[in-house]
Structure formats: C-alpha cells, structure tokens
Amino acid sequence: MKVTIDNITIDVEPGTTILQAARKIGPQVAPPAMCYYEPIKGSGGKCRACLVKVTAGSERDPRPMPKLVPSCITQVQDGMVVENTTNPQVLEARKGVVEFLLLNHPLDCPICDQAGECHLQDFAFEHGVSKTRTVEERNTFEPQDLGPYIQLHMNRCVLCYRCVYTADQVTDGRVHGVMHRGDHAEISTYIEKAIDNDFSGNVIDVCPVGALTDKTYRFKNRVWFTKPVDAHCSCDKCSGNVTLWYRGEEVIRVTARKNEWGEVKEFICNTCRFERKKTSDWVIEGPMKVARHSVISANKYGANAIKPAHPLKQAAEQYKQIDDTRDRSFLEPQKQLK
Amino acid sequence: MTKTQTVQFPADTLERVHEIIKRYPEGRQKSALLPILHLAQAEWRWLSPEVMDYVAGLLNIKPVEVYEVATFYTMFHLEPVGEHVIEYCRTGPCCLMGGVEVYDHLKKKLGIETGETTPDGKFTIKEVECLAACGWGPVFQIREKYYMHLTKEKVDEIIEELAK
Amino acid sequence: MKILTQYIDVPGIETIDVYRKHGGYAAVEKALKTMSPDEVTEEVKKSGLRGRGGAGFPVGMKWSFLAKPEGVPRYLVCNADESEPGTFKDHYLMMKSPHTLIEGMIVSSYALGAKSSYIYVRGELMYVIHILEKAIQEAYNKGLLGKNILGSGYDLDLYVQPGGGAYICGEETALLESLEGKRGNPRNKPPFPAVKGLYQCPTVVNNVESIAATSWIVMNGGDEYAKIGIGRSTGSKLISVSGHVRKPGVYEIPLGITVEDFIFADEWCGGIRAGHKLKAVVAGGSSVPILPAELILKTTNGEKRLMTYESLSDGGFATGTMLGSGGFIVMDETTCIVHNTLTFGRFYHHESCGQCSPCREGTGWMDKILYRIEHGQGRQEDIDLLVDVSKKIEGNTICPLGDAAAWPVAAAIRHFRDEFEWHVKHPEKATQPGAVFMREGASWAV
C-alpha cells in the first residue's frame, strides 16, 4: 500500500506503522521515538514524541484524523497522507512533549554517562525550545543500585517502560517494574533487590536516557572520546556479537550492537557485557557503523554519517540563541532547496 | 506483625480466596489480585512486602507484579496504619459543603496531621480523592463504612464512639 | 417519568421478593423467553439510549460493534467505577436497588451472548459490593442466574469485582487491565474492546445506568423510550447534584427539562440555599467546562438551556459545556473559583496513571501552578501558562483523562480570568480565609 509522509510517497506492506514507513523513507522524515522500540513487543504509544498529523486517512476514506496520532502504533492505510515535520501543529505538540519530559528532568547532562548518546538530548535539540517555563520544584528520587552492574537514576527516567518489557521478554524473571503512578511513578524493585539474571544488562542498552547505566563504565569517559568497534566472540549464552568502546588501547565498555535507530536486535549476556573487557577476549571486525544517535559521528566520521537534516535545520533557524559552534556545512544544500 | 510470624490466611479466608480465583477463566488467576489484596489488608491492616509475597505465591505470579499493582491503587496501605484509618474526601464538591473546616477540626481533635497516626495507634488520617458521595458531603470513610453529612459535632461523636 | 428510580424508596426493594413484587425481572422473562438476542439489541438501538458514563456514545451501536468470532467467549463488563467528582448516581442506584442493575446485566448479557459478566465497582464502595453480592446470590437462588436461566437454555454467571482506588479505571480499557489484575494503565486503541477486550476477547463495557435502563427498554420497547426526551437525547437521566442547592442528591429527570427548572423547581434541587445566589455550575462532572450563571441558564442565543446532551454543549467550549456523567455541581457567590479549580487540578494530578508524558507531567505542572496562585505566589504569566499547558495536554494523550484534566482549568480561566488575576494582583487579600472575588455587576455579586 502507498503512504505519503511529508510529501514523499512510499510503498509498504499492510500492517506497517506510520513510523516504520517513515523510517523506510529515511531519517529526514522519521519521527522521534522515546518509548517505541521495534524489537520489544508492546512498546510504544506512551511518550507521544512521535505524534503526527494524518491529513487523509486513506484512499477510500480521505477524511483527516481529528487528533494527532502516535505514528509508532498507527498502521498505515492505502493512500494515507501524513505530515510530520511539515505540520506546525505537530511541531507545537512535540515542543510540548519535550517540555513535559524535561519538566522533572535534572538536566544533569554534564555528569551523565548517557550524554552524547541520549535520545532525550536529541529529541530536545531537534524539537524543543531553548527556554524553560517552569519555576516549580522538580520531583526527585535517590539513585539506586540494582545489583553490582546497574545503577538507576530515576530522576532521568522518562517512563518509557522499555526496560520493563525487556526484562519480561529477554530475561527469565523480572524483578523490577513501575511502582506508584502519575508523576510519582518510578522504576523500582520496590524492596531492595538486585536485578540478577544473565541478560539483565540489556536494560541499559534499551534505556533511551541515562536512567539505567552501566556501573562498570560509570564516570569512565565521555562517549565522544571513545572509539567503537564491532567485535564478536564465541559465547555459549548469547550471539557474542557486540560493540567494544575503546579509549586508547583500553576497552572501557561493551554494549550490544545498535542499528541506526538506536535499537538492539541481538541482546547480549552479562558475561560479554561486564566481564570480557580485554581485547584478547574478542575477534575485532572493524569500526562500528555510526548510529544516527551518536555524537561521536560529529568528531570522527563526519562525512559518512547520516544526519537528520530537516529538524536540525529547523532548530538552527529557529533558535539562534543556542551557542552552537559545530560544523553546520550540512545545512547548506537544504537552504538552497528553500 | 513481625517478620518472624508466618504470613498465612486463616482457613475460611483461604477458602474464599479459592472461590474468588474460580470466577475467572483458567490461567487468568491474576484477575483475583485486587480482591485478594483487599482480603489481605482486612487481615493484616497493611500490605507489607511479606504479605505481598504471600499473595504472589497464592496466585502463582511474580512478587513484582503484586508490588506494581499494590502501589498503583491508593486504597492499599504500604506502611503500618492505625486501628481506624479515617479517609476523608478533599475534592471540590466536599470542599463546597464545608469539608475543609470539618477536616481541620478532625485533625485538631486527634492532634495529628494527614498521613499521621495517633501515638496510641488508634487512628490514622488519610486524605483521599472523590468518594462518589458528593451530594452527601463532607464525607469520610473508615474501613467499609461511609460517614456522610459530616459536621464538627458529628465528627466528635464518631471519634468518641470509636475511641472507646 | 421515572424509569430507574420508580420504586427506589420502597422499603425492602433491595430484596428480590419486594423487587419482583414491583415488576422486577419481568424483562428477563420477556427477553429470554420471547426475544432473540438480536431483537433485544434492536430495541436498545431504537431507544436511542446513550452511554450514561460520560461519553454519551449510543449503547445499541456500541453493542453492534461487538465482534462475534466462533468459539471465542464474549464479555459484558459493567463500569461501576464511578469516581468523577460530582457524580454519585451509580452509588445511589446500586446501594438502594441492586436488582435494577442485576436485571439489566442479565438482559444485556443475553443480548451480547456473554456467559460470564463482571460488575467492576470502585473498591471504596465495598459495602455496596456486599449489597450486590447478596442480591446476586438471591438471583442465583431463584434461577435467574446460573445454568439454564428460567428454562431458556441461556447460562450466565455474574461476578462483582472490586477496584482498588483509581479514577482512571473508569476508562474502559484501564478498567479491563485492572480486571485482569494489573495496573490501571489505559490501552492504546485500536484494537477497541469490542474486538479485543477482557482477556483479549470481544467485550462491551457499559455504565451502570446504561445497563439498568435496558430492562425498561425490553419491557416497553425502544420506541417508547425514545419518546421521552428531545431529539438525540432520549430517555431519562440520573443527575447527581452537589454543592450549594437546597436539596442535593440524585434525581432522575426526563431529558429535556430546562436547567433553570432543574435548579430552581421544588421538584428537583429546590433553588440555591437560602440567602445566596447562583454563581456557576459544573454540569456534567468535574471534567466538563464550568459555566457562569448566565451561560448555564441561557445559551448565547438567549434560549433557555435544556438538560440535554445537545443544549448543554450549545456554543461549544466557548460558551457551552457537556452533560457528561450528569455530575451537577452548583456553586453560589461564596465559592472561590480558583480554589475549586485547584481541587480539580489536584484530583487529576493524583489520578493520572503516569503512562503518557503529557498527562503525567502536565497534570502535575498545572496542579503546582494552581497551588501557587491560590496561595498568593502566582505570577501574571502563570495564567496564560496554565492555558498553554492545558492545550498541550488536550488531545495528545492515550486516554481522555488528559482532556478531562485540561478542560476544567481552561474553562475556569476562560470564564473567570478576573478572579485568577485578582489572586495574582492581590495575594494579601486573596489568601485571607473565606475571601472571595466579587465581579462588579455580575448577577451573583453582593
């Protein structure tokens, strides 16, 4: 079936969601996703970052949908017309979502291990405004250790539920979940309990923000100083396909491999993640294909990186007060189009 | 209840639990969670982690599934409470009916604030949202009983009766 | 015209014998013995009965959406999670006359082909749950529930399920989640419950009052029901009245009487309490827009406003409101609109499930801003900020709780902005106990 997103038409299989169709077209029209995670069943629909306007429901019934719809869980119909970043109502709603997600967020990026590969940073940069309107006291939680490997900073959590679903679907005994409700809802084990399971470390990779971080990597480095390479080993628990993050000669972190949307397709075991930190444990395949969501692209792989041109252009035009000294040459072709 | 005591429903309650589980299709026993948490709270006054773990065992579900649910629903006490938990409605319609003054009187009378328990362990005051008795307000609830059309005098009577 | 409450004050009506003496369960006999399930559905469709829980969606149409795949059970779930501030009609009906609901449940379950049905009652109403359970036992004993009801070959089991204290479970998919023993997080739709509801099976969720009305419709026919009321607002409606009237309580009204009669006639509310004047009304439960006296009594065309879905919403949100669940909250001139709005803001903050970000964060934000304004720490820009936050929530959430939280705040500022400004400009006056802003020249000014 045919669907048109931001004036680009594409053919997709029935059952495809708007977001998947948009990703197929490419990053320039792909809506942001804070909670949706393709490999995890049941994810999506919650964060509202991916809201889009459907201006024509289908060929058969071309009426527009009355409300903005979450593109991650809305299936395309033949002849559907969707507006993503070309619709002011969508951009306005996303500004709101950024503001809501940051309302109780500590903005502690300078000391957060996720900085540089944080989807909330990307989302705020692409769709947010640079000024805050809240003067209220933020809701705060104490950091918690979830066992020897994982630390939970609830203050940073956006309640995407990804880690809960991952624990249900990838590990054999979930011990953490979402407790309480409303803006007091929190990820927790309720009673102090370690998340102790061979695959528990994957919750770190699926976390879009710095709420669940790797304690073995804590404060070790900034991601943009590291050099990621793909590697594998023969592991009896998982596929053994990983990314090693080097600083100089030292492996300072091991993660699962992520695709260009920051999604893990092959979950890895804790032994690979936390205990195999010597180069000699691994067969090196070569430099990692840099993901869209990684700032390391700005430093090392500039020319080859896929950049989300449209939102960046918008941000650059709209919010001049941001002191941004990075390379903006990629904006030039877009300007000519205009 | 101390940790050394084993958590176990009395036989008749346990029978009730098994009856409740039968209300739902095979394999859907988790549906019985809310009714059983109510029975547990009636038995032990509040839901300690031990009690919740016991309930998880009865229903053959993970303990975290019980914690998630018990913390979501505000009727469940997650901390020890007094013998009589007074839950007063703070929402608009009860305020219109003079609720604020009546509740202030209640707090003064018991010498405690919302969320606190009297030193003798007799009363706990909790603030709740709309109890669906707006035309009969101000309202509070103690266990299953609704006390409606409250006035300061009526509050005095109720407290004195329960304090006996 | 009383349909649901005709015998509600008869002593002993909560027992099956007295209830049957007053014509109770005749609808079960009629439906099960003389009508096909589709014929029952047809009558309900003809009646024009609209969902009484708040949304007002036609009940017959909702029933007709129910998927009926072979070999898959179907469910009817009664939504008795009544928690919308201002609404207590279902509480009243179930407490006084439990068999009215049970009879409706049997008739409706028969129409839908449900073999197990559940009544989900908010947990706070445990005493009402006991009343219902006792009544259900009576019905089983008389062969009105269980196997082969009245020899018709139709089997039905009916259970009561307690909630645990969560307004959100009044949203039908949150209710189903809760009934499955989970957190009351609303589901993403589609799929709708009519296709995948309880235990992933086709399910209809209806309000207590809607289900109770089906017995009368079966007995008297859908056409008779449709004769009551005006236009698309057919039948009778239970209105819960609270606030500053002489006689608060639950009233069954034929849809179509004027708002003015409803407030001032002795038959209903009996007017504003002695010595006071009408200032504002929230007509359909806390989530619907508040209207000042002049707009609730008359539309902007100068016509008398009626107690119907259409008339109350005349003028849209600019000058109108909604019938909603019929939670009719009346305020006189002693009411501080800012304080009242704060209690609603606090309510929705407290009741947000926290699943989607606009509602989770937005309700808390509005509550905090309202709290500051009420307590003398408001800034002029806070008023527009509140309106903007409400707009960012409205329409962007998984379920209608976001809208329900946004509307009362936006409407209070729309119609009573001067009162908010007074709080901001004169905090020393506004924070005095009992202090209320008086709009010069307003009909309620003293």
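Chains here go by letter, A, B and C, matching the order in which they are written, and residues are numbered from 1 within each.
By definition in this document, a contact is a pair of C-beta atoms (placed from the backbone, for glycine too) under 8 Å apart; a residue touches a chain by one contact, two chains touch by 3 or more.
Just so it is clear, the structure is predicted and the values come from calculations on it, not from any experiment.
Colleague: Quick check for you: compute each chain's CA centroid and the global CA centroid, then name the chain with the smallest gap between them.
Modeller: C
Colleague: Return the chain whose centre of C-alpha atoms lies at maximal distance from the corresponding centre of chain C.
Modeller: A
Colleague: Could you let me know which interface, A-C or A-B, is made of more C-beta pairs in contact?
Modeller: Answer to which pair has more contacts is A-C.
Colleague: Measuring from the mean C-alpha position of chain B to the mean C-alpha position of chain C, what distance in angstrom results?
Modeller: Computed value for the inter-centroid distance: 25 Å.
Colleague: Rounded to the nearest whole Å, what is the centre-to-centre distance of chain A and chain C, using the mean of the C-alpha atoms as each centre?
Modeller: Chain centroid spacing, chain A to chain C, equals 40 Å.
Colleague: Residues of chain B touching 2+ other chains?
Modeller: Correct list: 65, 68, 72.
Colleague: Residues of chain C that contact two or more other chains, please.
Modeller: 166, 183, 350-351, 353
Colleague: Mark out which residues of chain A touch at least two other chains, giving numbers and ranges.
Modeller: Expected reply: 178, 180-181.
Colleague: Show me the residue ranges of chain B that touch chain A in the complex, using the header's touch definition.
Modeller: Contact set of chain B toward chain A: 49, 62-65, 67-68, 71-72.
Colleague: Help me check something: in the complex, which residues belonging to chain A touch chain C?
Modeller: 44-49, 51, 67-68, 70, 73, 92-93, 95-97, 99-101, 103-104, 133-137, 139, 158-159, 161, 178, 180-185
Colleague: Note which residues of chain C are touching chain A in the complex, please.
Modeller: Counting only chain C, the residues touching chain A are 166, 183, 188, 349-358, 360-365, 368-369, 379, 385, 392-393, 395-398.
Colleague: Which of the residues in chain B end up touching chain C in this complex?
Modeller: Listed in rising order, the residues of chain B that touch chain C are 23, 25, 28, 30-35, 37-38, 59, 61, 65, 68-69, 72-76, 90-93, 95-97, 128-137, 141, 143-146.
Colleague: In their shared complex, at which residues does chain C touch chain B?
Modeller: 73, 82-88, 90-91, 116, 122-127, 130, 157, 159, 161-167, 178-184, 199, 240-244, 248-250, 282, 286, 327, 329, 331, 335, 339-340, 343-344, 346-347, 350-351, 353
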